[in-house]
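After the structure tokens below, expect a handful of questions from me.
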């Protein structure tokens, strides 16, 4: 079935592609397209970060029954632009006794790892820059680089608070990344592929969350918890517990370097939500019901990127909700939660999922007429 | 053409950072340079379209092992501790051994490079093939037994820790162990 | 047989209570914690998860309600016209002058004496009136806004009710010296005593 | 430049007090350069700086509580974009000195100020930070934060209401908006080292602008 999709960007993209292919040598066409994609990704990165900072501040305010920024523009919508302008021209302090090379390299580790992961996210139909066959492992690999930046930042700052903050951050990152990866692997078992675009395609009639019912839901919850902990937010923000550790590993950073950390923190929140959307909630795929063509057509009129951002937005809201509900955890409780609860449950959960897939107990196996893609 | 340029850049990076990793006086910097070497190697894998190997290299070596390295350096060294390098007979003999090893490896590589080259067909590996290779039990499919052995080793380590652990006296159990 | 033994051992480890039971500090019977301690650790682990989820969801419900509550923020620069500051709020010490540019301060200096940290400085001068008498009048009544702790002692002890605190809270300055106020206006003079009028009506509007 | 052109939202320019000091400050800024109008780029930079003053609350006593009240729901500092309190001085733009500065705290206050990155602003909040307040005659209290660091805006009160604080912050925004990014340097008043006296020995404490920590990276 071909539905009409008037607002998709695939047409524009393929037109551009054929234009470049026809008018340039293959090398230059690839080069220019690559450059364009890079610019688009970086622009999207910045814009999403700015929007997220505004949204976060506003929703935070609402949770605390305040109003939040409302003096710049209507409802304060350009508040984060003012922040950006300020932070771009703020002085970067040259600190004498730091390990200069590592000190200046550390923010780039964090931001590059964040951008690399960002590039692999399918934002919509045909809006995916990197689509490896091993997409999920790529996401895990790229996001695992950020922790090195954090550790180096803490070490090279020549400051005990940075150091302790970095140690805590490192322990937290490494442990929670484990259960995040395992919960993603649970879904790999279910959908039988690691390619993000294929995972999205497979969820046409049933999201993985429902297709794999019990184990998938457990994996979803575990992924949200561990992803939340990976981004150093909410009840897990003790690497930067302000009362004791000043600002954690980025205590000594000022100006744009601090801006990198700040940006990466917000973007990691988005990335976690986006990966969860892609893997569990059907990504950019609109809600479709097998057989109801009219309904499906109506759903397809809403472009795929809107679906993606809506689902991601819901998850980001959930993350903020959690953040402003719970008090900060102690470091030993934090590691307890990971090693005594999330990881064992996760391992049992993978086994459960394998058994389910082998026994054919998924929704698409039970009701192939409703949920399976192939008839 | 472009591939060649990228290859040269990566090879140069690997060479330079390997030398820097060995010669750097600060151990944390050595670790960082080693990390760069590993990342550049991952880049080489990407160049060869070995995506899975690339991701594993980044996850396991860059993300996992290097983090452990850096953490252990954190725990064992004072900030800014430096190594004192002395030229001794040990250094000279190990340098000689290294050169000899290099010659041997170079000879083997040069001899086998044509044969190796025929395996590289530039196509991306299917994940399904990888999976069956890893989990299978036929010829050249060995990873599952390998992993089982590693699990056994893990069990041995945990058992050793349990044996080596101090006996809990029933009168005063350590606080906070129950929850 | 050996296999069975092995499995039994695993279950023994999983289900055995004696291994994990706290032998010390057994709470008195009737205390609710008692049967949690005696509970099977495996069941305790599982039930702990559900208890945690339940209590966390309870916490999230609280914040969810808070999200939709009416916001209580007062918007200061926007609501300047309607902003009500209580009259009890003491902000700036003023000396009320009437329409003839006359005040009630007799330069007795009691406010200066009573001020705990020397915020007020009353400078008086002696003049000679027409009928040849020497008289002490107020030259400068100086009050330091930046040092005052607004204890109101000066206003309470003033015998002629010459000074009051108003509630104009907008007092921020760029310069420290701008915070040192001279309360009497230039050219002002002491109001003539009208003994019959009650005290309160002498205050400036 | 004309101060009437410095606009603060929802606050008429003529209602602000102490315009003449600000005018004198601007004149001083323009004294050595050509007196050109503030350009568009300057305006944009100043707009960003003025509306994103992230505070570092140097709260040592009750004014700190009032600062927290200002940040809480009833008054909501966030409306000005200033709720991002950075506890690291490197990332803060504005130091709110809220509380008594004793002689022992003085060097630390100066150090924290020196650790801040330019552009940095200081607001002295409350009587203690302006002049020593109730402790003005004590042997151990510095009579005002201005003795150690340059103060941009003084907010009197003991403690000031949150609205007073907001008014002070609006005054500060006015000052920020009057500055120039390219032509002039901010005028930073020198501190008075005589006020920093070690109470035990009677010697002046050495707080230079450059904070020098022992360097563990350099070997013995």
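Going in written order, the chains are labelled A, B, C and D, and every chain counts its residues from 1.
The definition used in the following text is that a contact is a pair of C-beta atoms (placed from the backbone, for glycine too) under 8 Å apart; a residue touches a chain by one contact, two chains touch by 3 or more.
Everything quoted here is computed from the prediction, not taken from an experiment.
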item: Taking each chain's C-alpha mean as its centre, the one farthest from subunit B; value: C
item: Selected interface, A-C versus A-B, where C-beta contact pairs are more numerous; value: A-B
item: Centre-to-centre distance between subunit B and subunit A (centres being mean Cα positions), rounded to whole Å; value: 27
item: Averaged-CA centre spacing for the pair subunit C and subunit A, given as whole angstrom; value: 43
item: Centre-to-centre distance between subunit D and subunit B (centres being mean Cα positions), rounded to whole Å; value: 52
item: Between subunit D and subunit C, distance of the C-alpha-averaged centres to the nearest whole Å; value: 22
item: Subunit C residues counted as touching two or more neighbouring chains; value: 71-73, 75
item: Touching two or more other chains - residue numbers and ranges from subunit D; value: 9-10, 73, 76, 79, 216-217
item: Shared interface positions of subunit B, touching two or more other chains; value: 79-80
item: Interface residues, subunit D side, partner subunit A - complex; value: 9-10, 44-45, 47-49, 51-52, 72-73, 76, 78-81, 83-84, 86-88, 90-91, 93, 115, 117-119, 181, 212-213, 215-217
item: Partner subunit B, residues of subunit A touching it in the complex; value: 27, 99, 101-102, 105, 132-134, 137-138, 140-142, 144-145, 147-148, 151-152, 155-156, 158, 163, 166-167, 170-171, 173-174, 177, 193-195
item: Residue numbers on subunit A that touch subunit C, as the complex places them; value: 62-67, 70, 321-322, 324-326, 341, 345
item: Residues of subunit A defined as touching subunit D within the complex; value: 57, 61, 64-72, 76, 79, 81-87, 89-93, 96-97, 99, 158, 242, 246-247, 250-255, 258
item: Parts of subunit C lying in touch with subunit A, wherever the complex brings them together; value: 49, 56, 59-60, 62-64, 66-67, 69-73, 75
